[in-house]
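Shared chain: chain A. Partners: chain B in the first complex, chain C in the second.
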Partner chain A sequence: MSKKVLIVDDDPDVRIFNATVVEENGYTPIEAANGEDGLKVLKKEMPDLVLLDVLMPKQSGIRLYRELKTDKTLLGIPVIILSGIAKRTFLRSQKALTEFGDKPVPEPESYLEKPVEPEDLAKEMKKYLE
Partner chain B sequence: MEIKKLLFVTRFNHLRFDALLSLMDLKKAALNHVVFLNVIEREKVAMRRGKGYEKSAEIRLREKANIRFIDWAETLFEQGMEVGVYIVVGSFAAQVIQAAEKEDVDLIVLSPEKKGRLEQLYSGSDITEIVHRSATPVLVYKYLSRKGPLAENPFEKPLLAVSWSATSQRAIEYLKSLKAVIQEVELVYVASEKELKGTSAMAIQKTRKENRTKLEALCDELEDVGITAKPHVYVGDTVEELDKAARECQSSMIIAGSPGKRVWKDRWGTSISKGLTEKSVFPVLLIPPKEG
Partner chain C sequence: MNRDHIITHWNQAMEKLTGHSSPEMVGTNRQWAPFWESERPSMGDLILEQRSDHEIWNLYGGRCKNSEMIEGGYEAEVFFPKLGHGGRWCWFTAAPLKSADGSVIGAIETLLDTTAIKRAQEEQRLRNRELTTLCSIYTALNAPTTLQERIGGAVLEIRDFLGAESVCLYMAEDTGRFDLRYFNACYAEPGYGQAGPAEEPGIIKQVSKTDKPQVHHLGTHDAVNGKTEGPTFAYIPISAKDTQGIGVMRIEKESGLFSAEELHLLDLIGNRIGATIENAMLHDEVMRKSKFQFKLIKSANEGIIATDEKWQTVIFNPAAERIFGYSAQDVLGRKDVRDYLPQLVQETLLSNSEAVLDANESSPWTETEITASTGESIPVRFSGSVLRENKKNMGTVSFFQDLREIKRLERDLLNSERLAAVGQTVAGMAHCIKNILHGFKGGSYLVDVGLDRDNTEKLRTGWAMIQRNITRTSDLVMDLLSYSKEREPEFEVCDPNAIADDVCELLDGVAHDHDVQVVKEFSDAIVPVIMDPRTVHRCLMNLVTNAIDACIFDPGADKVHQVTVVTSREAGEIIRFDVRDNGSGMSQEVKDKLFSSFFSTKGVKGTGLGLLVTSKLVEEHKGSIDVISTEGEGTTFILRFPARLPEADRPG
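== the complex of A and B ==
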């Protein structure tokens, strides 16, 4: 059975693009449109990799990432952040949340700023799935 | 009635990021989540003869909005805030109400109408529609000049328009939940000319005294939770007098109850909230009655 990749992004066009890259590389895409739904799907499907957007309605990728990396059953799942939000901002926001009293979380496995070329995404996915 | 999550509705030219920054004092109360909304109105991407639906125009407008929101979101994320975004095509009022419900926000912040009087007559006022259909308080944010916000923090020195209705009491509860942000509140009751019973000085002063006494009781209620409050009675046209009072008290904002979904024509109905949002130079926070 092929490995499962969860795509969490509110933009349907981006989900289609990412799902196509995932499929073309022999993996199975699963989709969620925001952080809140993403967490539910994560727990239900236990994917092998997560492609995570940051700026989304309901719950941002920043909060979803934090929930994932502080949950014993989920923290081993690698995450590639795909976002227009700069990596520096992502790391600073995690630091701010830790200063407010939340648990510290590790840096994401990979961070790609949008727009992403299909070959770059494929190369990055292979690092964690093969 | 804490403000934990607010919906910031912007068309970019009428409501900018500095307006949102002026509301960041609300973090001292409970604010930790901002949701941005930009509504691309249908006529901007509508079908045109020979052109059809302008998908490319929609993409351009979406991405322009997205670029602004990414920039704004980065600032807020770095402060540890949670941020969400909606960029949608549709009718303005309907999309605002839908996003507020989906996200279950505690406050909607938007700019005054850009519609002209004739357009409003034809298609109605978006703010009136939102206030009538939404159970969420609405802050109509205003700039005093093009230079920037009226006050550094609109919640710092608000004026509460008291009407002795259930909504007024709800507004008092709302203020109490914001005690970490509010420095001082002016409680203003505007008596109409008709209310001044009789023509004798004694009768007129009696009306003032009755309302003043009731205002003082409300001031005591606020002072019990640590908010300084002052009572004022004015007489005349409600909208004009509230605006006058806000200037005299150097207020940062006017807070008023908005009419219920079924109440369309009471004195504290459409005309007052609409009048304030249209005529006053101050930001106006409209608090709807409790649902149910």
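== the complex of A and C ==
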């Protein structure tokens, strides 16, 4: 059975794009439109990789990332952040949450800024799936 | 006493003085017995033997002299330790008794007990010494030098007066401990000033607390002969009338005890030192406060000008120098403030001085202009008051704020806010554009995949993505243009109801697709007016779109969702539009951010500029926008635009 990749993004276009890249490379895409649903699907499907957006309505990617990386059963799943937000900004917001008393979390395995070339995304996914 | 030295008379007074009766004494030659331990000639005996002055002098020392009253007689005042309890002082005269031919036939001695007088004199002497000491201590304490030197002087006086080994003062600290701070030189020299009793710290604490002196003796004291061995320490509280427990004075005597008088005196001195220290502290406090106030006035950002009761300037701080352009030197004591303060300020101060205001109440801040030394008019805000003490005018004080400075600060603030807004806008825009670019990338990728695989479905999806992102790009550009362009409303005759109807028709399709009803409630009172129809149209489009979205996003699925557009006419030729929905409503957090750029609750669907553009358009049209919203129940936006009636329709 092919490896599962969870795509969390509120933009349907992005989901279609990412899912196509996942499929074209021989993996199975699963989709969620926000952080809240993302976490549910994550726990149920236990994917091999997560492609995560940061700014989303309902629960944001920032929050989902923290929950994933502080959950013993989930923290082994590699995460590729795919966002319009700069990596610097994302890390700063994580640092701020840590300073507010949350548990510190490691940096994401990969960080890609939108717009991303499909070849680059495929190369990045292969790192964790092969 | 007869020629043979035999007592012939011993009167009652002698009996009383000596305790020896007349029968016991008369007929004997034991006249020495009541006075001395062993036999020795009395003055009368010496006279009978007609001894020389020289011999008498030898026997009685300097205390004896020839009587001025009786020829051949002698007088002396002598202390007889054997007499009475503890001895008596006696003044006595001895004179020869002569016969008619001048030969000595006997001698007579008269004695006067002067003990009481002597004691009184001694007392007097002691009192004088005490007084002298107190005087010198008071003088030392009031000397025009530092507190350290004054107390040092007093300490030396105390030591000399008591013949003390050492005198030192322990001062109470804020921490509750005592610090040895003043002492006579001897105390500091090695070998002088002994350590006190082991419990000394406790004694000092107790003396300070109870305000009662204590004496501690180290060594032996023989009560019978009054001899002591080893040092004695007196601990005297130092306190003032209002401040108790300032410290404790320790006086060490190498030998001998402290008399009650000495202790009493030391208590007085302790109070005096306390008062001196208290005064010094008060003085320091006053000096410190006055220095602080001086600095405060000097560094104040407001110009402060104070006058005495004759309008002479007494305070003119650096801020006042900056505002008025005079230097303090030009003004202080030289310039009548009425020469340079504007009429309004003077009148305010005067009315203040006449009014029966509570003491020192300031006038409210008032804006006016002052004329600086250069002749320049400078806008200021001022407040002034008359200074009173016991209802007597002492002078005036006025405060001036330089409004040039405040206006400059306001401008700076506005600029920095603008910069921040630009930064935020650029950041938000970059994010928005990145997402759109990503959409284009995705679209072209899907088209590529579709072409490669000959997969029409992928091709179609990719093409749709590209089209959607073209729309998103044009929306963003349109919003940005209308936001950034300074646009004057173009006024023309139009029908508000017709504009609202057009918007409802345009959006009815989208609404219908999402099961949202669009309801029109238009007022008949509305007639064609002069306003900018494009502004109104654009605003209503934005608000009705938002309202439909609020219904689409509303999780309450069992609701019949409605967007209602209401038009009405308000007094003063105001056209009002209400856009009401029963959708999701807004939280306070969302309401707070409503009109800030690139804030959107719609995810990718919104540019985050819609309400910002709407509020800008409304502002340009001199209208207003209000919002009422309850989370979970819905939102109403209220637009109000001022309108003019066309000439023909105007009443009159």
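Rule of thumb we're sticking to: the second predicted complex is superposed on the first by the 130 of 130 C-alpha atoms of A that agree within 3 Å, B and C clash if a C-alpha of one lies under 4 Å from a C-alpha of the other, contacts with A are read in each partner's own complex, and residues count from 1 in each chain.
What we mean here is this: a residue touches a chain if its C-beta (ideal position, glycine included) is under 8 Å from a C-beta of that chain, and two chains touch if they have at least 3 such contacts.
Source: prediction; values computed, not measured.
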| item | value |
| --- | --- |
| Side-by-side fit of chain B and chain C on chain A, or clash | clash |
| Which superposed partner A:Leu74 touches (first chain B, second chain C, both, neither) | neither |
| Which of chain B and chain C A:Leu112 touches, first, second, both or neither | neither |
| Touching partner for A:Ala122 - first (chain B), second (chain C), both, neither | neither |
| Which superposed partner A:Glu24 touches (first chain B, second chain C, both, neither) | second |
| Touched partner set for A:Gly84, first chain B, second chain C, both or neither | both |
| First, second, both or neither for A:Glu99, with chain B first and chain C second | first |
| Which superposed partner A:Val14 touches (first chain B, second chain C, both, neither) | second |
| Chain B and chain C footprints on chain A, overlapping residues | 10, 55-57, 84-85 |
| Chain A residues within the chain C interface of the complex | 10-11, 13-14, 16-18, 20-21, 24, 55-57, 84-85, 113-118 |
| Complex contact set, residues of chain B against chain A | 35, 66, 69-70, 73-74, 77-80, 82-86, 102-103 |
| Of chain C, residues touching chain A in the complex | 430-432, 434-435, 437-443, 445-446, 449, 458, 461, 465, 468-469, 601-604 |
| Residue ranges of chain A touching chain B (in the complex, touch as defined) | 10, 54-60, 62-63, 84-86, 89-90, 92-93, 96-97, 99-100 |
